[in-house]
Amino acid sequence: MEWNTLLGSILTLSGSIFLFLGALGVFRMPDLYNRMQAGTKATTLGTMLTLLGIGICHTEWLGQIIILIMFIALTNPISSHALARAAHFKGIPLTAKSVTDKLKEEESKEEVR
Amino acid sequence: MDKLPQIILQISTYFVSAGIILTALRLIKGPTMADRVVALDAFTVISISLIVLIACIAGRVIFLDVGVVYAILSFIGVVAVARHIEGGL
Amino acid sequence: MDKTIRILFSTAVLTLFFFIWTGTKEPGNLIIFASFALIVSIIYRNYLRSPIIHPKKLAYSLYYILFLFVEIIKANIDVALRVIKPVIPINPGIVKVKTKLKSPMGRLLLTNSITLTPGTLTVDIDGDTLYIHWIDVKDKEESGATERIVSNFEKYLEVIFG
Amino acid sequence: MIKRLFSFVLLTGLGFVFYYALTNITASRELTGVSAEYAERGAAELGAANLVTAIVVTYRGLDTLGEVSVLFLAATGIAVLLRRKKGYVQARSEDKRGSSEILKTGTDFLVPIIVMFGVYIFMNGHLTPGGGFQGGAVVASAVMLQFLSNPSYRLNHTVFGFIESMSGFFYVSIGILGIVLAGGFLDNRILPLGNFGSILSAGAIPVIYTLIGLKVGTELAGILDNMRRDA
Amino acid sequence: MELQQGIFILMGVAMIVSSIVAMYVKDLVSSVIAVGVVSLFASILYLILQAPDVAMTEAAIGAGLSTLIFLYALKRTRDTEEEND
Amino acid sequence: MNIIFLIGFALMITGFWGMLTQKNMIKIILGLAIVETGVQLIMVAFGFIEGRTAPILDSAVPVKKAVEMIVDPVPQALVLTAIVIGVAVNALALTFIIKMYQKKKSLNITEYRDLKW
């Protein structure tokens, strides 16, 4: 057995565990923004590790895998930011445990003016 | 001992599938439509991993092209729904 | 003149992507693809950005990528530890921070990095003010939050994007 | 209520028919008939590595011509139905909420890359999965991203219509050239077959797929723009 | 082969449940999203069935463009009436 | 591949049920989209052969051995056509719905009884 196959499969396994935990976070978290936190971070790193592991297993695929990783790392935060902004504009509330909401204060100040 | 990487890859495929099922559950359950879109976002990113795992199991490099198209279109789809929610479509 | 450099740079980058993607050995394929890339770059000439060629900036970019990767791993361990506990320990809120960056690309990278690192998510941007959802609010005030969230990325991005 | 009951009975009957059909299917073990013929001769005769492309473009080329015509008719129908009235004042785009600066920057950065990926897909249709329809859809989705990030973005209909009609015209011309120079309508052997595996191989297939890609991309972008405008 | 069968069953159940959700949820945007998810699952199934061309078409056209066309139609039919049930 | 056939049939039944019972016109078109997906899934499953690979010849599939190694490419080509035509049909139907909505300001299909006798 070659070392790179073992290393790659272990990386893939850890990445898939992160993906699973991210999905669990999406399922368990109490409100939209916290779900988004779990859904963005864990899935991004999980995908990166999974893809990298497979790229190490098949070294001739490495170039394509790296381009795919770059694309995902660039686009995933943008889509999640767009979604968070839309949700906050629509007035979807934060969970009751939240301590502060500066953006809402700012918007209400503008409305008073 | 030679089969260990194969077994590990199969186990990770099961983990990824379980993750997809969890996000799909949130998508079915989600009280508002924004929750459903969050589930969609996580779902698409996880399924890119599944696509690459399928490519690895099948041993065909050409399946990665499908993964990139999937990534592009899922990004645009999520942005589209977000813009629709905030009324800027 | 500046526009020509941008078009040529974008053509080169797109052709490089093609080369990495297919791993082709034939120069004919590269020439065909480069001509298409040139046409696309001319069509989108107003959207292109000027390249980073300064060696110091390149070195900082490499270092920044490594730093970001370490931060992302920390973020994930953080999220994973939160998720598997029976009662999820959160203390969330939206805080306000300021950034010193002026260039759009720098701000894009800054917000992406903030979104990918522990417990923070960019909700809105308005000029140089960022509104950030923080899963565990340690400091409600603007200056303290800026110190904790933004400043360690900013010192690299400021060098890279000027 | 009667309607609901009627639907239920209908679907139950349909389910039984499906079940009966399902139990009588035997999975095929090898290629038979025309598929085996295509698989055996496709690569040697046409020089295309992707057999699906070979079938879509050459062996069943007339189907594809019909498909492109259906798409064209649908786009034209949508444009006619949703055309603007005379003396129509441009819609108030300030009602719409603008997008954030991050999305705008990201769009500027990503659009050339996405368009180039679409071009790659329809140029390499005979080597890798993909082809004119998929590549056209990716190009149209890049235009769509611009619509999303900038609500006041206007499509240049003159240029798009010109590209669309010219690519359709050349597509049909290549088909007729096939009758004149080679074996039949849309025969790809009017150009040399070249090396198996490079972009300039498989005769006219890359040219045809590039034309189809441009045509489908502009048509889909036109459909999206027509659906988007406030009439 | 058990892996393939297991993935088929999981995806199939998720697809059918999403299609039922698409038909019975009140909110039309959620309905459109659910149909998009059915298309995305179908795309993965095509990939397992060794049809990458079809998978790519389904991902590009079925999931991406058709979702946007539905969203535009929703926007244009909701101008005056808030609840279109 | 009986599982795939079952999934496809279940999708078709769900879509037909939705089309027959829903009142909202946009939901009817969504049901049509689901039925299309089911039909395409069944068609691709007909061409699948256990243990074979995709019909694209590269280093993994040499030209000489293609007949023994690939799945059936013809259903895939047909489904490719069907998907593109499906989205065109959906777009045209939605355009009609938009025009009808502009006339009557309603999406409920029972309101449109002009041709009913």
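As written, the chain order gives the labels A, B, C, D, E and F, with residue 1 at the start of each chain.
Here is the rule we go by: contacts are C-beta pairs under 8 Å (C-beta built on N, C-alpha and C of every residue); 3 or more make two chains touch, one makes a residue touch a chain.
Values in this document were obtained by computation on a predicted structure and should not be read as measured data.
For the pair chain A and chain B, chains touching both partners: D. Counting steps between touching chains, the shortest path from chain C to chain D takes 1. Of all chains, the one whose CA centroid is most distant from that of chain F is C. Among the remaining chains, C is positioned farthest from chain E, on the basis of C-alpha centroids. Remark: chain A and chain D have CA centroids separated by 32 Å (rounded to whole angstrom).
The distance from the centre of chain B to the centre of chain F, each centre being the mean of the chain's C-alpha atoms, comes to 21 Å.
Chain C and chain F, compared by their mean Cα positions, are separated by 39 Å.
The distance from the centre of chain B to the centre of chain E, each centre being the mean of the chain's C-alpha atoms, comes to 13 Å. Looking at chain E, one finds that residues 50, 52-53, 55-57, 60-61, 64-65, 68-69, 72-74, 76 touch two or more other chains.
Among the residues of chain B, those touching two or more other chains are numbered 13, 20, 37, 58, 60-63, 65-66, 68-69, 72-73, 76, 79-81, 83, 85-86, 89. Residues of chain F found to touch two or more other chains are 6, 17, 47, 53-56, 58, 76, 80, 84, 91, 94, 98. Pairs of chains that satisfy the touch definition comprise A-B, A-C, A-D, B-D, B-E, B-F, C-D, D-E, D-F, E-F.
The residues of chain C lying in touch with chain A in their complex are 17, 20-21, 23, 72-73, 75-76, 79-80, 82-84, 88, 90-96, 108, 111-112, 115-119, 121-124, 131, 133, 135, 137, 140.
On chain A, the positions that touch chain B within their shared complex are 1, 5-6, 8-10, 12-13, 15-17, 19-20, 22-24, 26-27, 32, 35-36, 39-40, 43-44, 46-47, 50-51, 54, 57-58, 60-61, 64-65, 67-68, 71-72, 75-76, 78-80, 82-83, 85-87, 89-90, 92.
Of all the residues in chain D, the ones that touch chain B in their complex are 96-99, 103, 114, 117, 121, 128-130, 134, 138, 141, 144-145, 148, 151, 228.
Touching chain D in their complex are the following residues of chain F: 1-2, 5-6, 9, 12-13, 16-17, 20-21, 47, 49-50, 54-58, 63, 66-68, 70, 72-74, 76-77, 80-81, 84-85, 88-89, 91-92, 94-96, 98-99, 102. Residue ranges on chain B touching chain D, taken from their complex, read 62-63, 65-66, 68-69, 72-73, 76, 79-80, 83, 86-89.
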